[in-house]
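One chain, chain A, links the two complexes that follow: it is found with chain B in the first and with chain C in the second.
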Partner chain A sequence: MRYHRLPTMVAVTALTLTARPSIGQDLSDVDEIVQRANLATYYAGDDGRAGVRMTITDAQGRERIRQFAILRRDVADGGDQDYALLFSRPADVRNTVFLVTKHVGADDDRWLYLPSLDLVRRIAAGDRRTSFVGSHFVYEDVSGRGVEEDTHELVETTDAFYVVQNTPIDAGSVEFSSWTVWIDKDTFLPIKVEYVDEGGEVYRRIEALQVAEFGGHPTVTTMQVSDLRSGGTTVSEVRDVEYDLGIPESVFTERTLRSPPRQWFSVR
Partner chain B sequence: MIGVRRPWRWIAPVLVVWPVVAAGQEPVEIHGFGEAAVAGRFLENPVIADDFALAEARFRLDVSHFTDFAELSFKGDLIADDVIGDVEIDIRQAVITMHLSQWLDVRAGRQVLTWGTGDLVFLNDLFPKDFVSFFVGRDDEFLKAPSNSVKFSVYPRPASLDVVWTPVFTPDRYITGVRLSYFDASVPGLVSAESMGQPLTAALPPRTLGNGEFAGRLYRTFGGYELALYGHVGFTKRPLAFDPTLDTATFARLGAYGASVRGAVAGGIGNAEGSYYDSWDDRSGTDPNVPNSEVRGLLGYERELLANFTLGLQYYLQWTLGYDQLIANSPAPQFEPDELRHTFTLRTTYRFRRETMILSLFAFVSPSDRDTHLRPSFTYAWSDAVRLDLGANIMAGNESGFFGQLEESSNIYGRLRYSY
Partner chain C sequence: MKLLQKLADWSIRHPRTVMLAVTGLVVALGSQIPRIAIDTDPENMLPADQPARVLHNEAKETFRLYDLIVVGIVNEGDPDGVFNPASLARIHELTRAIEQIDGVRRQDLLSLSTVDNISQGGPGVVQFEWLMRTPPQTREEAGAIRAAARRLPLIDGTLLSEDGKAVAVFVPIDAKSESHRIATTIDEIIAGLGGDEEYHITGIPVAEDTFGVEMFKQMGIAAPAAGLIVFLLMWVFFRSVALIVAPMIVALVTVTATMGLLIGLGFTVHIMSSMIPIFLMPIAVVDSVHILSEFADQYPHIGDRQKTIRAVMDDLLTPMYYTSLTSAAGFASLAFAPIPPVRVFGVFVAIGIGLAFLFTITFIPAYVARLSDERLATLKREQRGPHEETLLARALTALGPRTLSASKAVLIVTAVVIAVSAYGISRIEINDNPVRWFRPGHPIRIADRVLNDHFSGTYSAFLVLEYETPPGEPEAFDTVIANVLDEAAGRGAVDLTDQWSALRQSVASTPAGATLDALIDAVWGKLDEADDEEAAIWEAVLLVLEDAQTEAKLFLTPEALAFIERLQAQLGTVDVVGKSSSVADIVKTVHRELREGDPRYYSIPATASGVAQTLLSYESSHRPQDLWHFLTPDYRAATIWVQLRSGDNQDMRRVTDHVERHLAANPAPEGVSLNWAGLTYLNVVWQHDMVNGMLRALLGSFVIVFVMMLVLFRSAWFALLAMLPLSVTIGFIYGLIGLVGKDYDMPIAVLSALTLGLSVDFAIHFLQRARAIHKEEGEWRRTVQGLFAEPARAITRNAIVIAVGFLPLLASPLVPYNTVGFFLAAIMAVSCMVTLLLLPSVMTLITKRLFTWGI
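Entry: the complex of A and B
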């Protein structure tokens, strides 16, 4: 945890006061807010499954679809995770499998299986700010940005939201100069995220358009990312969400790349 | 290609029986594509009059069906080929996959198989390749040719094991002089099917059980590093041997044993692979009609240098064992490759416009063969369904080198594909 933006006094006081927050009482420790938002967004349950459909619309209004089933398994809450994605659309990437071992604080391991060649490719840990499968989402939006990579400042607490401004510690590694997130005070889900460029202009926005609860875990089911410069958007719709299925560790191996187990990937 | 003479033998069961069997159960998924492709040679070829290396329309039918215990999958291409002047059928996959237990999968039928760590370089992967497709501008997918095989995948705790049995030896789809001319040391010079009066033919091993191929891979991942051991028992995949009694090219017995490792290195992916090619019928290296044993090694590194820009480099070594005996006995020692053959490869890929456009260059450069092969390409995904590919296969250098012999077959190509 970093307290760069907080005077030590305030931080210590905040920790003491919010160690056991009661319902209805606002948190004031920004690191606790950010940590809980990270857990609510990326670590619901011990594992999970969903069907995802991304509709990518460019500035000219042309649509592209990316549809896949996603499996996730947490090695530790807030820590490493395994992801497996099986694509069903478009036709030319059907049955392509993408496997990721997410390492907090280190490069992820990524594999891609190309069924037409029966080829398992190892993918170099790339820039996590590049497009995820051609959408307006970036890899980091999908698997999470390390909370330790930014300094956090609680700029406002409204009736519904904690508004947190995040500034990258390594400014050279990202294309934004800061990002601001509106975190729901009840669910700790980010409801709106805005990315600001060096000129102070908001150029990218992510909005949670729909939230539903599955197995006690509030989940964003419709999310839109807007590229405010080019005018393109991607809408991600999530369905058939299930948590705590007991997906074994062995599902996240080369066997799944070459022969994806239908019982785990089956989403309606 | 299989089934050219009686294509209905292949199509009928699939088209008729499958949907009937599947009716009322899980849905049958039907996909595929239609593609038009053309490649033109841009240099004067002294032995092939036709300027087109490729001029074809291809229709892919991809049918799959899943049940609780098995997956059925069929992929077949109908090709109207204007270079051959014929309609052909190429079954790329007709396979059943069964998950028999927690630790055993069986995949049986016609299938494409790949393993190993190289990028367009294969050491321990001795499954059939299609080098004709590779050099005439077809999609990369067609570099791998199918074989009729059974693959057993066993997943015990400590490591995983694949065993592949190919009962009938399946060679590469090698260069026969039809679309590509090649160097013949006995002429010596460039020849083609046209100049020879017929395509290169080779005598296949007799169809006995003993001439089937076995391949195995034992693999495991340790902390993000993938380790694998390989073995293959069969024949050379290209007709590198000569049978003096039949006066024809043929395939030599081969055992290949190797290992590989792949993992994260300095912000990228590094890989190393080695293989020992044991030429059973010429271990001493004295028989000029049978290729010598070899040691092959590969080192590779790939990294995303800038956002969306990836660079890959490889060094590939082929070391011919018993080289002095080879030269002493060769009828044409001046055309034998060097004892140590070095090949460097470079791959650059740049994705832009939200990955709808891809610019790529793959280059092979061999200082020892004194030849090169460049593969520039541009891909534009106009929509999810429509894709355009433009590119070139540029070969140059020493006339008897693997790439250099194809200099006069250098071509530019275009492909337009609609996927459904």
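Entry: the complex of A and C
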């Protein structure tokens, strides 16, 4: 396995986040905006692969690393998906595998393989707001929040962004009272997301710090989530992004857990 | 002394100037008082750089430990306790409301509504979900929550009681100084909840901050109340408002000037310094009462107020000077105590005594000189008529000769008292607990009792384990990597030895704990640039480094966790420990749930990576951050949270002693150091320092006072006699503390200085006058008669005024104030009795030596 660090890799068209005049006509249908954003963010290509390195920094500035290869395969655009993650760093969690079958409108199936305990377990969670492997990301940030779970309101259209406010339909299932997303008008990638608590205060923020294009798909390559209450942040850097590899369905089955097929997981 | 005499004389002649000067000084210093900055934090009992305090604060920072307010909700009436839908709904509502309070660390708040449950979701399914996302609708659901919570060792006993009658909410707060405000807000929320549940709020920060708030209320109530009673008593003795206003002014002026000076110089008013007014008031009044007592006795005979006051000042200046000096020395000795607030307290009381003396010898004569004869006429009249005053006078006059005949009996009684006191002192228990600074009926005391009855303990201490790689040891991975590189070069591949050496050199200055991380990062950098052949070698190097990194994460190793586990088992054997929690508990709980909830797997996985993967699973919950209260992200430090049912220093001490003994027989893994942190522990440290400091200060001032007595009397016998009342009084007071089982705590320790200062006063007055009278009379029996006239009356009046005057302190809800009130009375009574009974008895036996030597 060979990894290349991000800075040397982002040779591809890096899209700056500064406001640029939009090319086409502004959209006004919030549902269309939200749908396109969902597709751009989570459904680029029919499948994809990337190496991810998460740097988790706590309020005291202490860092931890989580590094893994991630594979994705869409069952249908905007519909169900499969994910497979193979951890490589730190060494003590190497070869831990996380497998997810995402079901739109229903609970996902999640499996975990812990090599040192030689254990395969299905993980059931009451919601998708649990931490993603101890980072400041929640599980939902990685696999996507169902567009049908919120009501959406286009609160502003700026030169560069559609600003959409989302209010959960089942307020009891989440810890926020609303979230606002700044969607890039060209790429439809969310560039900033802010979560507001019941007191009206922003307590959590996700920012796309770097975007690059791979195989015609604009992709967020550096993303930062800030927990404004604790002061901790997690930066997720993506490298070796490839789309439309033709990853077979069999890679996303339980067999992968104990013996992950190296040819698919080896990030260049 | 001549100078002081001149000053007093000058004051009698220039009363207006004196009044103006005093007023000016008081206004100038008093104007500083509004700048008051209050500090109620007992942590400040330790200097900021005190090692234990530094460690405590480092641990707080490292493990993000916040001071905790504990809210307990108890339902005794319902058969299911609090685990019924209505009670849980209220607890849920309370939790959500507390989260909103400013100053509450909501992400660390612990309540049934905010913690995660890990459980079995079917065969092979591990379930992470909120324990109580929404309140249950049925009793069955409520029961299920209870059953789930009882399976979580971190929560069981902490957030819910074993019997299900009570649950707790642990509220972490940003600053201790906010606890009273937050606790008050929580009270208001509770008031709006309704229901039959009982609510209790406690925790050391609440006790401390609430104490601070109450303390300042007491300053406003107790000190003026004492002032009023002192005033009334003086009126009973002197019957002249005009006359007794003077000591009150001296007291007020002294207190105002001293506190103004303290605040003006930028010192915060701490629990200790808030007591300065209460200590200064009796001391400031004492000298004035001596003067007034003499004045009232002599004025009717002399008839001229200026002549009278001059005569009185001649008599009293020397003893007053020495009593002030000795009292000041007693308090100034506290400047050598290792506790900053005690130092400030001692120094400023000493300054206050100096000011009081200055005001007494200038203001009192000036004031009396300005009084009109008409106003003093009452004094003359009253003196002639029969009233209590003569009752006291008659009693004292009768007492005098008896001390001559009963001198042996008095000595025997004294010997018995000393023996009993010695026994009492041997039984003194050194102990303190901020919660016990409140009376037993105070809501904080009740909450403390109820919650520690139901739960594993509301007092926290933390045992911090830190791992340092032993310095100077060659790193094992260096050898392995050298082999890897040699082997590669040997089989004809590229030789990377030089590059590796350069890398190794580049991280030489990195701190020990971060060397591996830096090396790993550097090798990653090499990998980026390397061709395929080199990359393969760097990969091999990386593997070695990562293995070493895994090993360096000591608190992921089963051995280190097993050590923690054993330590916790030992902690559990100390009765006062309700519970202890650590990363080992988290690992064991998650491991059990990963293994189908089988209790046999409530154990630590066999390998470090097994532990790491167990923790990875835990971190996929709603509250991964909880892990970092027990562990640092580099896994090189860990802490054990010890919950105690009592915050008594002695109980905490028993826990630390037990751990020490255990460690002696079962040493920690190599490189691991153990230290205690937490407020409960910190209280032990400062108290230990204080007791030692006070003892040294007491012994030191004992010596200083003796030297002063030698200078004053120029006679070893008189000096020894002068030490007698204070020695017997201190012995008696501390013997009493030991006998009645009152703990030797902060206020008691401070009282020793007061005892010394006040009880030597009477002896000085008595002996000084004894000498003067004997000089005139030349005969002991007549000397005693003289002594039991004015001098004895002045001493007795003083004792009564102060003893009774400070009884209002007994009504305070704060125990330290009660203690001061009670002991002031006891000090006065005992030292007055010892002076009037023991001194003449002893003097009778050694008359010859006393009056032939020396003079």
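As a convention for this text, the second predicted complex is superposed on the first by the 242 of 268 C-alpha atoms of A that agree within 3 Å, B and C clash if a C-alpha of one lies under 4 Å from a C-alpha of the other, contacts with A are read in each partner's own complex, and residues count from 1 in each chain.
Here is the rule we go by: a residue touches a chain if its C-beta (ideal position, glycine included) is under 8 Å from a C-beta of that chain, and two chains touch if they have at least 3 such contacts.
In this text, all values refer to a predicted model and were calculated from it rather than measured experimentally.
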Item to check | Combined model on chain A: chain C and chain B, fit or clash | outcome: clash
Checklist entry - If you stack the two complexes on chain A, which partner ends up touching A:Gly199: first (chain B), second (chain C), both, or neither? => result second
Next on the checklist: Contacts for A:Ser250 in the overlay, against chain B (first) and chain C (second): which applies, first, second, both or neither?
Outcome noted: first
Checklist entry - Is A:Pro261 touching the first partner chain B, the second partner chain C, both, or neither of them? => result first
Next on the checklist: Output check: A:Thr101 vs chain B and chain C. Expected answer is one of first, second, both, neither. What do you get?
Outcome noted: first
Next on the checklist: Between chain B and chain C, whom does A:Asp109 touch in the aligned arrangement: first, second, both, or neither?
Outcome noted: first
Next on the checklist: According to the stated criteria, A:Ser131 is in contact with first (chain B), second (chain C), both, or neither; which is it?
Outcome noted: both
Item to check | Clash-bearing segment of chain C, relative to chain B, as chosen among 19-27, 37-45, 55-63 or 127-135 | outcome: 127-135
Checklist entry - So which bits of chain A does chain B touch that chain C touches too? => result 56, 58, 62, 64, 89-92, 94, 116-117, 119-120, 122-127, 129-131, 133-134, 232
Checklist entry - For chain A, which residues count as touching chain B in their complex? => result 56, 58, 62, 64-65, 89-92, 94, 101, 107, 109, 116-120, 122-127, 129-131, 133-136, 232, 250, 253-255, 258-259, 261-262
Checklist outcome for this item: Listed in rising order, chain B residues that touch chain A in their complex are 31-33, 66, 71, 97, 99, 105, 107, 111-115, 117, 140-141, 143-144, 153, 155, 160, 219, 221, 224, 226, 262-264, 267-269, 271, 302-304, 306-308, 310, 351, 354-356, 383-385, 387, 417, 419-420
Checklist entry - For chain C, which residues are in contact with chain A within the complex? => result 61-62, 64, 100, 105-107, 121-122, 124-130, 133-134, 524-525, 527-528, 535, 539, 543, 546-547, 549-550, 553, 556, 591, 594-595, 605, 607-617, 619-625, 627-628, 632-634
Checklist entry - Which of the residues in chain A come into contact with chain C in the complex? => result 1-5, 8, 56, 58-60, 62-64, 89-94, 96, 112, 114-117, 119-127, 129-134, 139, 172-173, 198-199, 227, 229-230, 232
